[in-house]
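What follows is a pair of complexes built around chain A, which joins chain B in one and chain C in the other.
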Partner chain A sequence: MPVSAELKMLKFLQERVNKQTKQVEALGAEDQAQPADYDRVAEKQGRVKELMRRLAEKLGKGDEGRGGE
Partner chain B sequence: MRSAAIIAVILTAAALRAQVDVPGEGVLPGAHMPKPVPIQSKNPFKPFDPAKYAQAVRALGGTELQVKRFVDDVEELGAARAGDDLIRKVWAKLDKAVLAAAEADPEAALLLTQALVEAKSPLLQAHARYHLSRLFLDSDDPERALAVLNDYLTHNLNVSPLDSEVAYFYAHSLAEIPMLDAAIPRLRAFLAWFPGASERLRAAAHQRLLELERQRESRLHMLADGMKKTWRDLRKRKTDRPVQLDQETYVEELSELIEMFEEMESQSSSAPSGNGPSSNPAANSALPDGEGSVGELKKRPSLADRWGDMRDSERKKIMADVQNTMPPQYQKMLEDYYKKLGKANRK
Partner chain C sequence: MASPLHAQQGQPTAAQSKQQLAEGKFRELTDRMQKLMVVLQKDEPEESKLLGAGLRFVQEKKLHRRLEQSGAMLSQGRLDESLVLMGKLREDLRSLLELLQNRDGDLRKLLERIDQLEGFKDRVDALAKEQQREKEDSARAAALQAQRKSIEAQRRRAEALLAQQRALREQTNQLPLDATDDATEPLTRREGELMEEALELAKDLRDLDAADAALKAAAAAPGEARDAEPLGPLIGASSKIAGKAAASMAEAQKQMGERQAASSLRDQDQAIEELEETIAELDRMAADAQRALLKLPFEQLSEQQAQTEQATDALAKDMEEAEQGGDAGEGEPTPGKNKVQQAVPKQRAAASQLKEFKAAKQKQQDAKDDLDSAKEALEDALSQLRQQLQDEVLRALEERFTAMLARQRELSLMTKTVDGSRQSILTADGQLPSALVSKIDALGQGERELELEAIDALKLLEEDGTTAVFPPMVEQLRDELHDVVAGLRAHTTGAVMSDAQRAVEELLELLINALRRTIEQKEGGG
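For the complex of A and B:
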């Protein structure tokens, strides 16, 4: 998969987390947010972070392989 | 031992040179950033004086035998470890708390804070603060570790041989947050100001510096670091506007990166040489183990697991002690800490 496609997927996921963060903030302002709401949005941000790291590491390793050739 | 550390640094340097170079500044988060103590242009740390330290420990009730053992241990273990061992012999409360931390006992944070509250001398406070900061770092809470280390630098400087460790872990905490621009000069200062620090710590500092410089040059790693900070904010139930602004910055950065990579991909049907996507992508979707583990000198078992394994009555007792025995500033710190442990355990 081209890197740009992976980045697009990450952008889509991050936008979704952003939207959910705003929703939880709005719920919190009305004292309606449950602990699970915060946990869910944190978990999703954590997943995007892990995918981002994986892509950064992958690009580093790919280049390292070429350097050794 | 020295050669192994040098080889590790050289290998890391070789790996770092091989990183993909995506031009541009990159982004870092800005929400809820702590304020580090300003770095001094002149070394604020005085050389450790074992004789003065021994005298201070005698005044706290240390015996001649304990002091003699400390003098012998300085040569073998280094001043930081020998000094800490000595204080733990003299101060049973700290020893109990540190052992609890080593065994991943969730009560450790409460015990260390109780010891800190009771400590009247700057020397005892220094050791309690050092161990409390390490506990927070091990609990993936660099912001809280930094707050404790800020107090150390403000109130407990130049009274214990832990100064070199504190200088390292201060920079390490900043790097973990991530506050790269603050961490890099402090790691350099640590290396310049503490030539006699343990080889293990100095090798870790060298390696961390190389990693941070790579991160600073890698927009993708910087982005992952920023997202990690936001992830921690969200775990602390921070969803306010500054956090949302950081998240919006990530989307903008991703848009820029997409544009750049699309351009590179369109210029060549094969991977561009040295400045583009991988020609050798990962064979599976496994995630790399851990997050930035360099500098984490000792991995302890999960406190969150132990917290989850405790009986309700034990957890309630700890929380009652927090609420009934702690001064307000430490009460809030510990309440937040245990809340986070509970959340981590549910995952």
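For the complex of A and C:
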């Protein structure tokens, strides 16, 4: 998959996490947030981080490959 | 207030007109399918079969009659009943579409084929390993047999040398104390000859000792699932002892040359003792070889080889059946089948040779080579199929998401329309009219179907390794659709719902775009 498309999707996922964080925060301010709500957002954030790490790794390998040419 | 969906005096409503149009189009479609099925029967039988299956589905589900019923309900103002029937009809029409597109059918076939070839590859792999082990065992048995013969031959030489040394010692012992040079000279020369023979024997025994050590090391090789023989008491012992005997003979010859008969006798006794030790050492080696051979009886090797042959033959038959039977690989040649078939007679010949106590290393090696080639052919085919699977998964996903996006847009529009109606027809007590509730429920059902599609897409993604980012994206899609369904079930239709539906559309657009780019990249060889 083209890296640009992958990046777009990651950006999208991060935006969704940001939006959900704000929603949970708003709920928290009204004492309506459940621990599971925070866990869900944390899990999603963790997944985006992991995907970003993998993409960075892939890009790093690409650079190495080009460097060796 | 009359519902805008209700028929005016003699005038069909927009919904009724659309329903009539749908009925007409559907009848037109099935007529064309019927004609096309006949035309394609000869040149494209698969396509024709597919159309036949679609027409059978239409008949079994009574789609024409139900469409008419739905239209009749609309004209009678039975909107709720009509909506329920339409929901079911939509599901059946979707199934018909999937059937005609043969959607996921190719994928399923591909997956079954991959499973089938994986199974064959595993069996070939196990047989190749078994064949290798059997070849090593029979080679070792043959080497042990050869070693035993060599030991016997060398033992005979050592025995002969010992007999000659004993005779010479007897002659030396009979020499008078004042023996002349004429008397001692032939004995001295003879001792020299024996010493040369002993040296020659020691040299040959070095090769025998090396072979013995190699066989014992092979038996003790790590990873071998058999009892390792302990190494001999002293590697190279027989040649060393024979070498010492040669040295003692050389000393005896020297003493004799100096007419020191008594000293010469002591050295000859020493040589005799060392030759006896050499023979004892050779006996030990022969016993070790015999013990090792007992652990590898040719009958057993032959039996094992015969079992491997039977298993290989069974595999060849299964591979043949896969080409003809109703399995995934029907009509397609099974990669590696010929090589598996070719291995069978070689294994059979090897088993017969082993039964006659003959080594069969070459035949076994040839059979192993055939099995390795078969495995290679299967691996090549699997690699191609996996590539094809990845392409198919991407295409199936793109097709699925495109259809989902079209449906989502439809649902979003309908939700807006319903929301518009809602603003104008709120009842006095603030309750929603039941007709509107039914419509919102039907929208929720539509979104629920999309959610199920997303869940189904996730299963497809399990087969794809293109990128790790797809699964979380589709999970996000599923979650967002889930929220939309929950909102509609709570009869939410305003701006919040509109935003949520728009977000689903955006996500689908992003996914479709990424999939298209990936497909383009792959097609461009990227």
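Observations, loosely collected:
We take it that the second predicted complex is superposed on the first by the 69 of 69 C-alpha atoms of A that agree within 3 Å, B and C clash if a C-alpha of one lies under 4 Å from a C-alpha of the other, contacts with A are read in each partner's own complex, and residues count from 1 in each chain.
The rule we apply is simple: a residue touches a chain if its C-beta (ideal position, glycine included) is under 8 Å from a C-beta of that chain, and two chains touch if they have at least 3 such contacts.
None of these values were measured; they are calculated from a predicted model.
By the touch criterion defined above, A:L10 lies against chain B and chain C together after alignment on the C-alpha atoms of chain A. Touching more residues of chain A than its counterpart among chain B and chain C is B. In the superposed model, A:P2 lies in contact with both chain B and chain C. Residue contacts after overlaying the shared chain place A:Y38 against chain B, while chain C stays out of touching range.
By the touch criterion defined above, A:L59 reaches chain B but does not reach chain C. Residues 1-2, 8, 10, 48, 54-55 of chain A contact both chain B in one complex and chain C in the other. Against chain B, the residues of chain A that register as touching in their complex are 1-4, 7-8, 10-11, 14-15, 17-18, 21-22, 24-25, 28, 35, 38-39, 41-43, 45-46, 48-50, 52-67. By the touch rule above, chain B contacts chain A in their complex via residues 15, 17-20, 218, 220-221, 223-224, 227-228, 230-231, 234-235, 237, 239-240, 243-244, 247-248, 250-251, 254-255, 257-258, 261-262, 265, 271, 273-274, 276-282, 287-288, 291, 343, 346-347. Within the complex formed with chain C, the residues of chain A that make contact are 1-2, 5-6, 8-10, 12-13, 16, 44, 47-48, 51, 54-55. Chain C makes touch with chain A in their complex at residues 466-470, 472-473, 476, 506-507, 510-511, 513-514, 517-518, 521.
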